[in-house]
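Pasting the structures in now, so scroll down.
In the two assemblies presented below, subunit A is common to both, partnered first by subunit B and then by subunit C.
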Partner chain A sequence: MRTRTSWGLLVFCNLLIGAFFIWRLQTDNQQAFLPGEATHGHHQIELACEACHIPFEGVPQKACLDCHAEELEMANDSHAESVFSDPRNLAELELLNARLCVSCHVEHRPGMVTSMGVTVPDDHCFHCHFDIAEQRPTHTEMDFNTCATAGCHNFHDNRALYEDFLLEHSDEPGVLVTPLVSKRDEPEALGPPLSFGDHDAPADREVDPALLAEWAGTVHARTGVNCSDCHVAEDPKALWDDSPTHKACKSCHENEVSGFLGGKHGMRIASGLSPMSPSLARLSMDPEAMERELGCTSCHDAHKFDTTRAALDSCLGCHADNHSKSYKDSPHFKLWQEEVSGIGVPGSGVSCATCHLPRESHKKGDDKWVLVQHNQNKNLQPNEKMIRGVCMECHGLSFSIDALADPVLIERNFQGQPSRHVESVDMAVQRAIEDLKRKKK
Partner chain B sequence: MLRGIEARGLVTAAASAVTLVIIISLAVIPYSRTVRQNIPFDILWRSGLWQQVTGFLLLGFSLMCLALYFRKHWRRLWFGSFSSWRVLHGILGVAGLIVLVAHTGMRFGSNLNLALMIVFVAANLGGALAAGSIWSRYQFARHLSHKWRRRIIWIHVLILSPLPALIALHILSIYYF
Partner chain C sequence: MTIIARTVCALTLGGFFLAALAIGCGSGGGGSGDNQESGTIFTPRMMADALYAVIESDRTVYTREVVDRLQDEEKVIKASEHWKDDKALPLPAQMFRMGAKMASDKTNVFSYSLLSLWPINKQNAPKTEVEKQGLEAVAERQKPFYAKETLGGKTFFTAVYPDAAVAPACINCHNNHKDSPRSDFKLGKTMGGVVIRIPLSQR
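Moving on, here comes the complex of A and B:
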């Protein structure tokens, strides 16, 4: 009898545990199964399991490419899947299957992660490039765990680091002759300019005149964007939405909203989770901002849509790490103040957004179309991704490489000069001279 | 004679289990920072195949440990003395801890995995205490009473009780995700 009771209790206890976990598996919150924290790139969406996992199929390559394919294509990926399709590379693939993202980027293994969310040892290049010193004598004394040292090589994105590019920009000064960022283009106007009295908010709504005045002073009013164009309800039966979301913005700002949803600020919304909030961030944030939620209007304001505020004050309203806190002592901020006050020419100032939400050229027919890239991931890490699209608008290549390779200088928000020199450009020049000599012989 | 062997076996198993439990609880084997290792031990935690090999080996050891219960209650169906089965149980418990090191690298993980690790390690510690209490009966004139030995063994069994569900869920989660 006693044995039966014991067995009964044992079975009941196990069924209870099993039922709890299986119930969690059926809900949106599957945290009970989380085996370890995710990397800095994915921690925001670590509870959106289905964003990466397919039940009983693991993490398919498609899940990674759904978010990162465009970025890899843009980066002219040095180790694209096609590189490994060559049958001569089969032996190397057995050592490291570089065709799959998850071979080098394993999630939920905190102790395995090095920099950039990489989970293979730093000297993994050795597998295929063990004889590099024979091809590049300058590399003889270098260890394989220094390949990805700042300013040398990246596995995917070497747009600013390949030899021809280094040579082409080898003689540039620290600061270029015309250090200006491109002018941002506006979407096409929806109609003729509108003024305060032209607003089309429903008569039964109590409208705050201060909000209307803010709207009347914006580019929205100047380009014919009326109240009803943004306050569009998602429910087709409703005519008005008091709190429109990014979906309303998307009708005119598709590129910007796509970038926002792909970046650190919007990736939670894109994965069906609650909006990102500073309280969920791993970076240092202002304690007073912890409960804020991120959407388009968190930075741009709901009616003012002040891009000057969005480019700086909105960022510093939440971000409180040393780099952010040092900004107002930096030469970049001085330039920004001069531009905003009208002393500096347009495009000469450097705000947070200038570097982290940079202006990018897009093709629109035969024209160039400059838009703000709202996906910070596209030029955040490794930071050499920033060189071509951001730093080189104002600085020479060698100076940019040196500055981004200096973590102390970055933390001080570029107050001062780089403390070390990366020899990438010098090596490229040296090799070119040697090649020339060889050819002459 | 057997009593002497059993006593030595039990105390060795108990001491080894306690040592392993302390090491597992306090240390972590770091992942290798180089691909140029002479012995690529890292493969145990990096390769899905090796994770399955060590995982199912651990499951096998756990099931074999369970055989002691059946030997105790269905003694007519089994061969060998109960004492020798108890020593074997202790050895399998220690072997299980060694495989646990190979399976986890002494990382406890989070949530479900953390619960499983705590239960597994605690159950082994309980087993070591039970083995020690039985050994003390042979070794010392003033040993723990039968009542207390039974209580310790029950604690060992009680800690073990959620293990089947946790192991099943762990295996399910690995293949599900």
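Moving on, here comes the complex of A and C:
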């Protein structure tokens, strides 16, 4: 009798545990299934399992590419899947299937994450480039675990590091002659300029005149964007929404909102989770900002849409790591102050956004335009991704490479000079000289 | 990818489809069902030869009529290894590889690559024994080389065809590139080989 009761209890407990997990699967909180902390890039969405996993199928390559394919394409991925897909590589692929992101980038293994924020085998270059010293004698004494960690090469994005690019920019000074960032384009006007009295908020709503005054001073009013253009309700039957979300902004700022949703501030929303909040961050944040939630208006304000504030004060209102806290002692901040006060020319200041939400120039035929990239992931890690789009707007290539290879200098927000020199540009120049000599013979 | 690159890739793939169609239709003139009824058999070698005819034609047209004409004769636009950065034409070898990549994204019934005993990029040197034998054979005899090989447990029919310098642009670039192991290539002579592989087994 006692045995039967014990068995019954055991079965009951198992059913209970099973039911618990099934129930948890249906809820937003899937913490119970988390095998280990996700990497820096994914930790925000680590509880949205289905963003990467398909039940009983693991992580399909498509899950990675859904978020990263565009970026890899833009980066001219040096090791795209096609590099390995030829049958001549089949033997090597049996050892390491380099066609799949997850072969190198394993998730939920916090102890294996490198300084680049992902897991990656130390000597991954060796398998194909073991004989590199034969072609580049300068590389003879170099270890294979330094290829991607010394500021010289990246596995995917080498747009600022390939040899001919190094050569082309080899004689640039530390600071360029005209260190200016591109001017942002003002969005196309929806209509004629509007003033305070033109607002179209519903008559039955009590409207704070201070908010109206803020709106009347914005680019929105200047370009004919009225209250009803933003306060659009998602429910077609409703005429007004008191708190419009990024969806309202997207109707005019599609690129910016896409970047926001792909970046660290909006990726939780894009994955169906609650908005990102400083309390969920891994970086040090201001204790007073912990309960804030991130949307477009948390940085841009709901009615002022002050881009000067959004480019700096909004960032420092939450971010409290050493790099952020050092910013106001940096030469970049001095330039920013000068620009904001009118002493410096437009584009000469360097705010947080200048580097982390950079202005990107686009061109199609005769049309040219500049947009702010709101996806910080695009140039954050490995940090050499920042060289072409950001640093080289104002600095020479060699100086940029050196600065980004100096973690202490980065933590001090670039107060001072790089403490080490990466020799890649020198090597490119030396090889070009040797090539010239060879051809003269 | 630029419009030019897309167009040429599309033309390349269009050529493959035509080649496949030709193989599919064969003398019976119908679909695959007709082939079975008429008993027409297409060997891997015939398929490889047909594919090479398309690849080599497209490659020659691009090299002569686009790169050589616009860069070396009319001096309208340059071709560059860094064609995106330099707002230039892709090099013929890059155009070839872009087409190969696009084809491999669409089908695994064949693959093709451009290799050489004297490659600028060392990753394009022969890697398998058949590649080595094939490239040596086509360099010596300027005739196709055919063999079977097993890679990663899978059997392939592998054909290697001579890839000749069809225009001055080919030799000018390869003879002057600092990573090129040779500087004495001559017009009309073999510089490498087009390698076409057709899997003969699923595993």
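Criterion: the second predicted complex is superposed on the first by the 435 of 441 C-alpha atoms of A that agree within 3 Å, B and C clash if a C-alpha of one lies under 4 Å from a C-alpha of the other, contacts with A are read in each partner's own complex, and residues count from 1 in each chain.
The rule we apply is simple: contacts are C-beta pairs under 8 Å (C-beta built on N, C-alpha and C of every residue); 3 or more make two chains touch, one makes a residue touch a chain.
All values derive from a computational prediction rather than experimental measurement.
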item: Clash or fit (per the criteria above) of subunit B with subunit C on subunit A; value: fit
item: Subunit B versus subunit C as contact partner of A:P55, first or second or both or neither; value: first
item: First (subunit B), second (subunit C), both or neither touched by A:L90; value: second
item: Touching partner for A:K439 - first (subunit B), second (subunit C), both, neither; value: second
item: Partner, of subunit C and subunit B, that touches more residues belonging to subunit A; value: B
item: For subunit A as apex, the angle formed with subunit B and subunit C - C-alpha centres, to the nearest 10 degrees; value: 90
item: Which of subunit B and subunit C A:E254 touches, first, second, both or neither; value: neither
item: Touched partner set for A:F165, first subunit B, second subunit C, both or neither; value: second
item: Shortest span in Å between Cα atoms of subunit B and of subunit C, once chain A is used as the common reference; value: 18
item: Residues of subunit C touching subunit A in the complex; value: 81-82, 84-85, 100-101, 104-105, 111, 113, 122-123, 127-128, 131, 151-154, 156, 176, 178-179, 195, 197, 199
item: Of all residues in subunit A, those that touch subunit B in their complex; value: 3, 9-10, 13-15, 17-18, 21, 25, 31-37, 49, 53, 55-56, 58, 95, 106, 111-112, 114, 120-124, 126-127, 144-145
item: Complex contact set, residues of subunit A against subunit C; value: 76, 80, 82, 85-91, 93-94, 128, 131, 135, 159, 162, 164-165, 431-432, 435, 438-439
item: Contact footprint of subunit A on subunit B as seen in their complex; value: 28, 30-36, 45-46, 73, 107, 109-113, 161-162, 164-166, 168-169, 173, 175-177
